[in-house]
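The structure that follows is given in the form of structure tokens.
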């Protein structure tokens, strides 16, 4: 390969994409970082101080009292702590359970539907199912004697309603990925293990789970990214309320930028989100770079 | 010779549209039925002056984001733009035309015309809507023998009575749009017990939300909330239907409610006893200096603010005139009653609309919290102070 | 043997019960959309009085303030180019990364992969300013450009992974016959890549269609709003009720569901393609 050919390969095939990415993704990204460090025309940390003092992102008062609002950052973290393990487990269990079921693909499609729809609709659905008068959750709970209320309107339950609703939406993703992964495990591994007298549980833990590890990495990464970036659902279901009890970082960024017109503070929040998402993506990026 | 005549005729035909048939663009936030209540005013203007007017819809919050960019490029999307908030007007003063020559200040209800900036009148006033108080169905009151209260104690007694009526879910319906009308009810309490000056002081930031004055007023509201006299915040058009059907007795709402019910004549309204001020939200408009038809736009401004334009708007119902030249008999009956309420009280601006910014969504959000957790009043007031920059 | 069949029936039945439970919210949404509001005030599961009407759907489609007919058209105007263009550019880039060696190839690729982590919030304000300067605010072209640029990293990553699994022999043979690189790409690599391209297209189209945040920032004129933007407006700003909102939500979902149904295998392969190999 001569040098001219190398550069023309680069130029024709790769350059257009790189140019667009640099102009419309990389440059704005760097600009946001710089915006976060400027206030009143001067290089300063004041935006960071303002955001951390403002109780929107972190609310120490909420912690000392043990009640919502706790601040957008912690709402995202709580989302992760509840949503991540549950969707992964549920997805794996469903993938295994629905494997050879008659009409299983229809059931899987139903479960996957939550991923296919726009998240704005997802937010509407969540608001809908937790409503006092017409929501299914209350109808179900009424059977057990609970007094119905709109779960998304109360500070103690707003965030949790959103999280559990989002589990219903997102489980399809992990299930589909695990289902595909299960297909790739060679049957003879199981047959050999059975001949050795291994129980089904034993086989599950020693064969299935380790071999699904690459998929698990992907599911965990994608799910974490989704949980950190969540916006549409909260915007339409509760708008962060009541009293900021269900606020999330992406929504707070939007409020600072487009309601408060304070681009310094909004950039700080954007930088926070990105720090987390970059940390989360490093494992996956490393394995991507390893591939030839 | 003949050729020359043709050319001349063509030239005239080309020039005349530019001169005589200038098309003005008016930008406003109204859509649907509200828009229908505005178009006849524009049509009357066209009939009178021959100037065509086109109407385009933009939401106020989108204009706030979009206009600064346009103005800095010396452009404007509309020749006449309906914008709310005097803060915005003051910030953009250098982009707006002076309307003193087309609007006569003496014609307006005191307090409804904006203050001059550097001697210039930068905004005109159209008709507006008021938020008079608690609406009820006369037939409902008649059926249960209820009367309009004249003191605070009578008001609380009324609520107690209503609460005991079978089939009533709660005496007062709490509507939830994007946070108003909760904010409207709250402001009504502040105005009633703190006086009109309190509203102005809060807007200007002269008094803190956590101050004793403000807090004690909120405690009256919290008392009602804790006693269960208010419903849970519910989507405001849904609860309107439920209120009309008798699930609730009172609904705090703006004067546009007259256009939303089947039988406006069954409507009655009363303010909290002792209330000396009322939130009157006139629709303000500006004429940017970058308009390509500045003189015609100013003519339209004069028409809208003047007696003629406002009369048409008032006659269509749901709007109250700011121009004192509009006679009372042009109003439909219910609106006439509402216009009467405005007499003798001070008209005040809407608090969260005027302050705007980050405060407004926070205000709405905190009130939603207060309504379901009235015990957290202190937290709510604390946040409100934090968000008032 | 009998015991096995018995267990299978129990297993399958339970699986179906799970499916039914999972679909309940959708059923609720549908019921709310096709029944008049008065019937729903006590819960859509009450089937005592049951009238079916499409009025909500018609009203949502032709709503006086935020008609979904217009919204759907606008969303298509953005989604189609914002799928086709990035696919084209990114497939070439993915091919380039997989087949050719050039300076900094690995670092550039890792940079692209890291971009997958970025939240849209990170570019929001500067993109707003850029589009403002280019006079592309409130303009479909502006939104298309941003969606294109945003889609390039993941599609490049995806297609590059696909191409690395393709044996180079066929292309080498063509090159030995004297075909230029570009020709080799278009006549040999591209046709083979079609299944992967379809997968990427299905996903990209769905994601652009479903986007709300970028539209929220860049589009204002009421008649230009995309379908996703109209839904929150129906929740309290304009005169709307649950039935109308449900109908609107269903109409919004139809397009991506249609894409999924038609291209199911490719869609799923697209998502799975992240992980395997």
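Labels A, B and C are assigned to the chains in the order they are written; within every chain, residues are numbered from 1.
Keep in mind that, in the parts below, contacts are C-beta pairs under 8 Å (C-beta built on N, C-alpha and C of every residue); 3 or more make two chains touch, one makes a residue touch a chain.
As the structure is a computational prediction, the values presented were derived from the model and not from experiment.
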Arrangement of touching chains [line / ring / star / complete / other]: complete
Winner on C-beta contact pairs when A-C is weighed against B-C: A-C
Computed distance of Cα centres, chain C from chain B, in Å: 40
For chain A paired with chain C, centre-to-centre distance based on mean C-alpha positions, whole Å: 16
Junction residues of chain B, two or more chains touched: 65, 178
For chain C, residues contacting two or more additional chains: 235, 242
Chain A, residues touching no fewer than two other chains: 258
Of chain A, residues touching chain C in the complex: 1, 5-10, 12-14, 16-18, 20-21, 23-29, 31-32, 35, 94, 97-98, 101-104, 106-107, 109-113, 116-121, 124-125, 127-129, 133-134, 136, 139, 168, 173, 176-177, 180-181, 184, 214-215, 217-219, 222, 225, 228-229, 231-232, 235-236, 249-250, 253-254, 257-258, 263, 266-267, 269-271, 273-274, 277-278, 280-281, 284-285, 288-289, 291-292
In the complex with chain C, residue positions of chain B that touch it: 31-33, 56-59, 62, 65-66, 69, 176-178, 235-238, 241
Residues of chain A touching chain B in the complex: 54-55, 61, 132, 149-150, 153-155, 239-245, 255-256, 258-262
Parts of chain B lying in touch with chain A, wherever the complex brings them together: 61, 64-65, 178, 232-233, 357-358, 360-362, 365-366, 368-373, 376, 379-380, 383, 386
Residues of chain C defined as touching chain A within the complex: 11-12, 15-16, 18-19, 22-26, 28-29, 32, 40-45, 89-90, 92-93, 95-97, 99-103, 106, 108-110, 112-127, 130, 145-146, 148-150, 152-153, 156-157, 161, 164, 181-182, 185, 206, 209-213, 216-217, 228, 231-232, 235, 242, 245-246, 249, 252-253, 256-257, 260, 264, 268, 271-272, 274-277
